[in-house]
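Note that subunit A is present in both complexes that follow, paired respectively with subunit B and with subunit C.
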Partner chain A sequence: MDRCLNNRENAKALAARIAKDAGVDLQDCYQCGKCSGGCPMAGDMDLMPRQIIQYMRLGLMGDVLRSKSIWLCAACHTCVDRCPHDINLPGLIEGARMEAKRRGMIGVKEVDKFTDIFLENVKMFGKNQEVVLEGLYNVTTGHLMQDMVNVPHMLKHKIVGPELNTTKQAAEVKELMLRAQAAENERKRGEQ
Partner chain B sequence: MSRIGVFVCHCGTNIAGTVDVARVAEAMKAEPGVVFATDYKYMCSEPGQQMVKDMIKEHKLDRIVICSCTPRMHENTFRKMLKDTDVNPYMLEIANIREQCSWVHTDKEKATEKAIALARMAVAKVGRDFPLFTSTIPIHKKALVIGGGIAGIQAALDIADAGYQVTLLEREPSIGGRMVMLDKTFPTLDCSACISTPKMVEVSAHPNIELRTSCELEDVSGYVGNFEVTIRQKARYVNHDICTGCGLCETKCPTKVISEFNQGMSERRAIYKSFAQAVPAKPVIDPDHCRKLQEGKCGVCQAVCPLKAINFEDKDTTFTDTYGAIIVSTGYQLIQWQDLYPEYGGGRFKDVISGLQFERLVNASGPTEGHILRPSDQTEPKDVVIVKCVGSRDPKKGKSYCSRACCMYAAKHAHQILEKIPDSNVYVFYMDVRTPGKGYEEFYDRTRKDGANYIRGRVAKIYKEGGRLICRGEDSLLGRQVTVEADLVILETAMVPADGIGEVVHKLGIAMDADGWVQEAHPKLRPVETQTAGVYLAGTCQGPKDIPDTVAQASAAAAKVCGLFSKSEMETSPMTSKVDQSKCCGCGHCEVCCPYKAITLVEIDDREGPKKIRRTVASVNSGLCQGCGCCAAACRTGAIDLLGFTNDQILREVDALCQ
Partner chain C sequence: MQFSYYPGCSMDTTGITYKLSIEYICSKIGLVLHEIPDWNCCGATAAHSKNKMLALALPARNLAQAEEEGLDLDVAVPCASCYSRMKHTVVAARQDENMRRKLEEIIGMPYKAKADVLNFLEIFSRPEMKRACQEKMYRTLKGMKVACYYGCLTSRPVEVTGASSTENPMEMDEIVALTGAEPVEWDFKTECCGASHQVDAPKAARPLIERIIRNAKANKAQAIITACPLCNLNLDMREGEINKAKGTRYDLPVYQFTELLAVCMGAGAKDIGIHKHFFPAFDLLNEYLRKAGD
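After this line comes the complex of A and B, so read on.
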């Protein structure tokens, strides 16, 4: 299907906001593709990392928000490291992913689940608990046996074990996370 | 008996690494006529040259063979060296044992054998060499510049400022060319007319410049330093010696004609000045549209002219002058895209315009006084599409080359639209963005940051829907079809050589490339010269270029002319063709094939037994002859020899090789 490029003011405003939050000038991009070329996840992506910027520039935000790519980015920052203009592409992707999640557009549900469980975990214990994360992730996504072969190795090296992996400042971490959540809720109310 | 000296160069290890140079020298000692042979590390060095000079004295050498690099490299060096000796500089042969031997071979034994063979050929030829002497021709220190655009203006001013006389020829009624039609120039955005009109005025006021407008090149003969040029002054029907340019005639003329200067977007009168700042600032009558000249009625202009400057009886006249050098600066025009691109409407849509039309639209002295209004309904466009590479980089429909300036003026157009129409959207369809110039990439960056949407891909189709122009293409960066609804579409069309360039090229005897641009003598090392001595190039007649490059080339051509004029006479190469008139049958093959128009057929008095007869034979003008040798190859009777490469000399070489 073709894309009409007229009347894209709202989408362009959204793209501009995401770019501003990430500290990026979208017009800096040469479209050289060095980001895509070095991306370890690009093989599984539907939009190349380079294309995400071009879609945003033209105000084709629907394509970006619907894409799998914004969920598959591992935020490894290889692209930023190699970019001739030092464009914070993971920052743009994170902004796009947050916007997609707000709209209930979950491109890859496993990634979404993983992130949610991880954050819940941190909120509860002050640190991530591998056992809890693995267990909950496998049960909620239905991938029951995923990574189970690694268990003996992880036990042996005490990466996982019977005792909890906690921190003394657990309460402060929880406070921090609640404040972040409150700020997001505030923002949502402001939008409505 | 000739006394030949052979000098074999090592060129460091360049030659000596692959060729046994001592053996080559030794082998040459046995050749007939050779009285001395040796090898040396660097023949071209000061001690190397001194050794040759010493050996000439010691052994009374009269012919020299140097076995070294290509003659293109050091033949002149050694000729100059021989000027200090008793040996004629043309009694010298170079055997190329570097480029044609040591550099291309690895087997030392075989390379040495080949070097010996090459040296033997040179020895055989030098034995048949005879002294040649350069002659001098006088130089007429007046230059002709053909074409009064910015290139011609700059070249004329530079030559005139150096103190030489210049005639600037322009076929249109005013000088200024394309540059004066432009609104602003990239990347600095200074006003094009503001920087070019002062130069135009300077040309008209310069004591060393004779400005000839409404003039065309009629005929050229002669050669460097002495071109006889006939120029045709087209009838203007206005006596410019009397006319003050008051403009009254223009206001009263009843006939309206489409304005060429405003690219068809406004009207002028049949008696007109092309534009307000025209130089000369005096009108001419367009005979194709004047009612008096066409139908014999009207004559209003004549009636109102307070000075009686109008003369309907005016006729074309010709005049002849002598010039030492000619600069070709005939410029470019835009490709006629309407015939080539039906998918862009083929000219049916009024709001699909060319870049030059946009320049007039956005110009304060243009048809809309600088307001960007679309031609169809004079409304301000909100969505504008710019299409690059229309006719360029399109071997099927247009030209295969890149027109070089369009990327930059497309960026400039985008910038101007976004500046003048605040809530506008500009979409630029491109294949590549080429910005190789000082400040160019930065200008392109700035345009993108102004808000121009760059979309990589060619527009495939433009059609009309609901009064708007739908442009459909692919964003090849996304791999998706995209459409843009536009109010105005600007096509950045290809530059092509100006109409009539073919005739100019033919009259001057210079060469054209496959696309019709004038061919330079060497693309890198002689970019402002042609193959014809004394004819130089400036600006876009040589190929598409932007204003900075055009002006640079114009000044370079002017510098070449000034260099030529700095001497009162010029040395000519003696290696030209010579006709043995006793053998010549007057067939004229040589005249046809000579690329420099150096051969003419002449009648001579001769005898056939006791009878006196008149006979036609070929004659070479050594001032024009460039020594290419085409005529010698074409001559059926073997009457023509190229001095320095006579048939006898070449055959001796072949004999030596076949021994």
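After this line comes the complex of A and C, so read on.
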């Protein structure tokens, strides 16, 4: 874990930065718990959605960034939809996840792998290739047989096949992605 | 009526029944969809969980191409996730001129954010579309009880979708009622199906599917109706798996709402891929069509 997070002031500054980027005032939360009550993934979370905000407020960023919760959020937006103060909790979680990733703190490695492979796919082909995505996901996570039971049906009914469906100017998409990365880095630098 | 059209990556694969049924309806009611010439992936969940600018720029390239065509049409998007990502981009570009210019730089094309992005529930909710569909429907699914499942992204976040209700939307219920089917009242219309977590966090996400199916069943639905390729796949493909793993006996076929419309316009099972469903979907439709004397 990143040692600078042990310093409460540093951690509070990080929390404030994430909150600002998400357009959230952490003091708006009065811990009513509607977010946790409505969260479909809460059953498997180690920090409840409500706690994520409270921990950020207290500067306990190590716990937030280490948590599984920030990876299990499905971005369904039920929490913010029901929040009496419209607190953009998915935005906070997204920011926390990016910070965690940058520090190599990956709470659920499968979720991280899936998104990485997904984007590599887009970079290479311009479009997502479901077969490539699933195949690489199974191989790189070691869950070799996951969902293989459905493959015969998919092949039989030509739901998936060996052919790739790519963007003709896939190189253009790749360049776009590189420029977007540079713009994102610039945006992050501007925030700090 | 015509639209620019962004099919999205899954429409040729796991969203095939959605695609075929939309195409069938188009051919019947004269709806014209101009596919964006060289579209790319919208970035889906992956892009916005890693990189904000990327999440806005990938859809912008598609929207800019639609503008470049010069048809001056709104963009129709069948997948709820693609719809959400595309609409995020439109909203961001309209709210912030600097962002719009930044996006133009990243995609290397002009993008004015003039066109709106519409999902197929919004399109089929229009009175003229309902009328056109009704004129072409000569079969009925009268009495078939269905649970209309909207999922997350056609309604949330509301500042992006502008949805009339995030807890109890009615658009799909009203469209599906045109077929004679009877939408039931139930509690899980906009609960999350788990989306890609069904693959990358299956233990945590599988219960999300089961509780949707269980609630639909408890409210006497005979089928679940969706408006998204991934919601549909998650429910359709996992229902049998859940039955096997847990010894349950859920028996609800999962249709796209466009499949019901197409069937009532005369589509055969093969025309729209009823046989491609994971959970057997033919018998229920057949039973109700026969009851109605077809």
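Just so it is clear, the second predicted complex is superposed on the first by the 162 of 192 C-alpha atoms of A that agree within 3 Å, B and C clash if a C-alpha of one lies under 4 Å from a C-alpha of the other, contacts with A are read in each partner's own complex, and residues count from 1 in each chain.
As a convention for this text, a residue touches a chain if its C-beta (ideal position, glycine included) is under 8 Å from a C-beta of that chain, and two chains touch if they have at least 3 such contacts.
Source: prediction; values computed, not measured.
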{"item": "Which of subunit B and subunit C A:Ile106 touches, first, second, both or neither", "value": "neither"}
{"item": "Subunit A residues touched - subunit C or subunit B, whichever exceeds", "value": "C"}
{"item": "Which superposed partner A:Tyr55 touches (first subunit B, second subunit C, both, neither)", "value": "first"}
{"item": "First (subunit B), second (subunit C), both or neither touched by A:Ala16", "value": "neither"}
{"item": "Partner chain in contact with A:Gln31 - subunit B first, subunit C second, else both or neither", "value": "first"}
{"item": "Subunit B versus subunit C as contact partner of A:Met124, first or second or both or neither", "value": "neither"}
{"item": "Partner chain in contact with A:Asn6 - subunit B first, subunit C second, else both or neither", "value": "first"}
{"item": "Footprint overlap on subunit A, where subunit B in one structure and subunit C in the other make contact", "value": "none"}
{"item": "Contact set on subunit C toward subunit A in their complex", "value": "9-10, 12-14, 16, 38-41, 43-54, 57-58, 61, 102, 105-108, 152, 156-158, 166, 190-192, 194-197, 199-205, 207-208, 237, 241, 273, 275-276, 278"}
{"item": "Touching residues (chain side subunit A, partner subunit B) in the complex", "value": "1-6, 25, 27, 31, 50-51, 54-55, 57-58, 60, 63"}
{"item": "Touch list for subunit B against partner subunit A, complex", "value": "383, 425, 427, 445, 448-449, 453, 455-456, 472, 475, 477-485"}
{"item": "Residue ranges of subunit A in contact with subunit C within the complex", "value": "40-41, 43-44, 71-72, 74-78, 80-81, 94, 97-98, 101, 108, 110-111, 113-116, 118-119, 121-122, 126-131, 134, 137, 146-147, 149-150, 153-154, 157-160, 165, 167-170, 172-173, 175-177, 179-181, 183-184, 187"}
